[in-house]
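One chain, chain A, links the two complexes that follow: it is found with chain B in the first and with chain C in the second.
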Partner chain A sequence: MSAELAPETTAEAVPRGRAVRRALGRYLRHPGLSLGLFVLVLLSFVAIAAPWLAPHGPTEADLMNTLAHPSGDYVLGTDQYGRDILSRLIWGARISLEVALAVVALSLTFGSLIGAIAGYAGGWLERTMMMGNDILLAFPGFLLALALVAARGSSLENVILAVSIAYTPRVAAVMRSVVITIRPRPFIEASRAIGMSSSRVLLRHVLPNALPPVIVVTTVSAATAILAEAGLSFLGLGVQPPTATWGNIISDGQGFITSNPLISLSAGLCIAITVIALNLLGDGLRDTLDPQMRRYTGERML
Partner chain B sequence: MLRYTARRLLLMSITVIGMVTVVFFLLRAIPGDPASYMLGDYATEESVAALKAELGLDRPVWEQYLGFVKRALTGDLGTSVVTGQPAFDEVLESIPWSAALSVSGIVIAVLAGVPLGVMSAVRHGTFADLFIMFGALVGISFPVFWVGLVCILLLAHEVRLFPALGASSSTDFFTQVHHLMLPALVLGFSVAAYIARLTRSAMLEVLGQDFVRVARAMGVPERRIVYRLALRNALIPVLAVIGVTFAWSLGSAILVEAVFSRPGLGSMILKAVFARDYQLVQAGVFVLASAVVLVNTSLDIVYGWVDPRVSVS
Partner chain C sequence: MKPPADARSGGGEPLLRVEGLSKTFHDRRLFSRAGGAGVRAVDSVSFSLAAGETLGVVGETGSGKSTLGRLVLRLVEPSAGRIRFNGEDITALSQRQLRRMRQQVQMIFQDPYGSLDPRMSVGAIVAEPMIVHGLWHGGRDDRVLEVMRQVGLQAEHRNRYPHEFSGGQRQRIGIARAMALQPKLLVLDEPVSALDVSIQAQIINLLRELQQQADLGFLFIAHDLAVVRHVSNRVAVMYLGEIVEIGPRDALYSSPMHPYTVSLLSAVPVPTVDRERGRDRVVLHGEIGSATNLPSGCRFHPRCYKARLKAENPDVETVESQGERLPAACVLHQPRPVDAGDGHVAICHFPERGGDRSEVAVRAVESSRGAG
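On to the complex of A and B.
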């Protein structure tokens, strides 16, 4: 009975399996979060199974059927080289999710380390690190990514690297602002009092406790990464054609927007659905993980 | 207050010097030899050597860096390899185009985003709230260049309300405004979505505070609570948000300019990237980023005037 009323206070008395299930239930009851998660799982499946799902190869040109309208053979029609749009969209999901995953992994690792060290160390180290961080933050993220790709050359690796460099300072800023609220808490003081080394306190106690807001930020950064990759590809600076990416498909269709609007429209919808799913997941995680952290996650990610 | 303003200005100058540093290393991020990269595959040995000497690539890095900072702070950002004009002059030429687009986009975004965010917070949990928030989610999730393409398709080709091109060579003011309208609306729509979301959460936070509850208990009319108490307090974070969205909107403006073939800083940078005119890219990136810092610093100072608590802390 008491377990029903106050699950938090008796969580330790409840067997671990049930506690986990209860926590999962709390997340899944959030409509936005579960919808976002469902769409992302589905997209990941499509991306992984692309070679088997796609009816044609992504760069397979059928020169007899260029700019074909939707038919039984080409469900969404073909582009100016006679490539099947549906197959290209399916393969494009791979690139988008790859970029999102890689950018999240890189910016989460480096951003949270930089932010945590700065926030935990304090003093001149914090001031210098945050100065550098603020300088990078002053650049519009997309502009910085564009300039880096322009310098390093256009390839998938460089796009991932550039977008990660552009968005890592945002993760670092959020991490630092969370860590400075954790640093003065008694359990940190206690760990230091029993003689734990700084790096151990940082890795074992500060980082895990600061993670929830940072996870929310990285969900949003995955969304921005997908938009940034699409934008770069659209401008011709991202992953180079003929590789199928959603941004490339929109760019291919741009010239035929009046006669074959489906090419650009369908690719744009794919991007939007993925980004909406990531934003729903991010909003949902924010509501369920810690409702108080609204303040510093929303504004920082732009 | 004066001290606060001085501190902000000092911070701004440090940031600008830091940005010069980042921009300096952007050119050095080019793999191999920047000079031969910029001149392309058909460059002669002499022209590469000449450009190298001009860029100072034959001297040690720290010397190059100091020289670059010194020149950048006096407004000398190198010369464009393509036109031979000073890069800074080329940048100055495209600033009015970009400023017109960004300012009109932000104005549209604030005029639409703030009221929608307030409405959504006041009617928290109702159908109207859900509807507005869904619209805002769509606004931040669709790629801005795609929204631009769809608008061209619908509003320039199907219904001929606006021209498909974002600029015209005519000097007539109204023709220019007519060409600007669609790009500004597209940019404004995506920025408005952000502003609406952030206004809503700022407003909800204020509406949940004790002084609002006290005012309600004392029988202050709801309209008065919303507009006199809550909105005024929520506007402060919203002001800060507008500064942040400004930086973001400049990034989107590059894409909007590309879709509408509109001249501006973004198109200039893009053109320079494809022409490998890297000094022009540097100059453009530096000026865009400086604009962001300038706007944010002025907003910070205004922020300090409006809310004395800020300058004290």
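On to the complex of A and C.
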């Protein structure tokens, strides 16, 4: 028997190392994906190394040098309290990425669990859960976060919580629709046939197969989380000054937008670059994770 | 081949006994007509299966044979009837007891591509049933390798993923997964119909080896009569949810009683070109009927050649049905079982037997002899 099998095997199976390298190459060849990934890795490095990279402390005021224009000492100038803009931007990257990461972790965990249970259970449970989900979806995400922060007071934790609650229903809706397409596939029935319980089938087979499209959605929602944090901070409802966040910097600079436009603009640019990088990453993941999209990869970008 | 089952299951309880098993699917939508008839996918099916025996189930698409297989595992809940496995009534088991029962009854699926989780390695796929049933106490690697070797997979395959294998190899993985629990009964739902003919033979030989080693009972569901003839001890023919004929393989293939069986036999391709050209097929009239709206009387009468032959006989009372004259019995009354002995039973008003055997049946048997 095994002698007959040998030729079949060598013809069909690809050595494992080569398959991994091929997969990696596929991700890195996608121009949007690699660009987005590069920018985000750079930003993460800046955020982690902030204490060593920043030339000044984020709240260190030089009252002799308020609203200074760019110079050798203050590369991007200072704000009305004489704080170095570049240092504040570097420290602000920490808050923004922290919010993005925490929101992704929270909304991915709860959203995918809610969506998966609803989609897998079906029946009245699905209908009730999705009704609640749709009600939350009907609120504009930012408005919901605004109301929650207004009710609970403004702090970094509350901003994260509020934005997560606003974005969890989006993840849940996507998760449910993916799970509905996986539920009728034969390997799910096969798992039941070997005597697996429903919860086990859900965790071991449904979730892992449903995750790729959901990861794409959460990548894009990380971008909206950064925007939401900046927006809340700008309105004074987010992380409180004098902590350096990109939203606070824009807010600080708005009074001097004509005389010192660099304060608000530089922070705005940071937000824009991060959001674009996250969107590129999301699009890239969508293209490379879905086998049916793979062959278009690159063609469209070039 | 083993002797026919009836000789073996002389005393004691058979491995599997199914009595009056039915499944009706209802339209569960909110605004559907209340009290609709529903789809009668399986209708009062009874049979038994001994250890080490293979019961082949054949029928067209829509005959309910796949639903029957799922009912036996209770992957689909029966609407009525009893399933006794090893003497134990499994229709009344709770979900927890049911999961334990599934250790002994396993299923092989038709689609070797879809029935394996694409994100799990072969080793994990084979080990999973043992983990689920608490038979995994570490160091069971040897058991995984043993099962893999048993089905003709090599040890180094364990770290690969299903998409790296051909259809035949994947079906071996599916068989390894089922065999990992050392079941007593295998439900095989079209196990080879998705495979190349050359691979079909390998898989069938493998299944037969496994059956002989462990005295497994096989419920072998297929639409290919030649394959079923090759593997079965007994054969059941299903039409619109009903077993219309059941019997020992040789009796059923050499003297089929039900006109539907005759029609299926005459449709089996014959390997010799000359004979293939020279034979006439019994053309089935129309498509398989709808299980929502079953025909009155005998459910095969709208497609039956024998009813049409009989209607030409002036002695037979006929009625007008769908613009044709057909025997009144066929159109109006449910046929009763006709027993030819040795467990060979068909439900038909005018079975093909004795002096009533039509020319069509004789030729169908003759032409199918070359096949399989």
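Miscellaneous remarks
The rule is simple: the second predicted complex is superposed on the first by the 278 of 302 C-alpha atoms of A that agree within 3 Å, B and C clash if a C-alpha of one lies under 4 Å from a C-alpha of the other, contacts with A are read in each partner's own complex, and residues count from 1 in each chain.
In this section, a residue touches a chain if its C-beta (ideal position, glycine included) is under 8 Å from a C-beta of that chain, and two chains touch if they have at least 3 such contacts.
The structure presented is a predicted model; accordingly, all values stated were derived computationally and were not measured.
Of the two partner chains placed by superposition, A:V99 touches none, neither chain B nor chain C. With both complexes placed on chain A, chain A has more residues touched by B than by the other of chain B and chain C. Of the two partner chains placed around the shared chain by superposition, chain B is the only one that A:L235 touches, whereas chain C remains out of contact.
In the superposition on chain A, A:L89 contacts neither chain B nor chain C. In the superposition on chain A, contact of A:I263 is made with neither chain B nor chain C.
In the overlay built on the shared chain, the residue A:V163 is in contact with neither chain B nor chain C. Look at A:G195: by the touch rule set out above, it reaches chain C but stays clear of chain B. In the superposed pair of complexes, A:L33 makes contact with neither chain B nor chain C. Residues 1-2, 4-5, 8-9, 12-14, 16, 19, 185-187, 189-197, 200, 204-205, 208-209 of chain A are the ones touching chain C in the complex. The touching residues of chain A, when paired with chain B in their complex, are 131-132, 134-136, 138-144, 146-148, 150-153, 223, 227, 230-231, 234-237, 247, 250, 254, 257-258, 261, 264-265, 267-268, 271-272, 275-276, 279-280, 294-295, 298-300, 302. Residues 14-15, 18-19, 21-22, 26-27, 29-31, 137-138, 140-146, 149-150, 152-153, 157, 194, 197-198, 201, 205, 237, 240-241, 244-245, 247-248, 250-252, 254-255, 258, 269-270, 273-274, 278, 281, 285, 288-289, 292-293, 296 of chain B touch chain A in their complex.
Taken in their complex, chain C has these residues touching chain A: 73, 75, 95, 98-103, 106-107, 109-111, 114-119, 128-129, 132-133, 152-154, 157, 159-160, 164-166, 168-169, 174, 177-178, 181, 202, 206.
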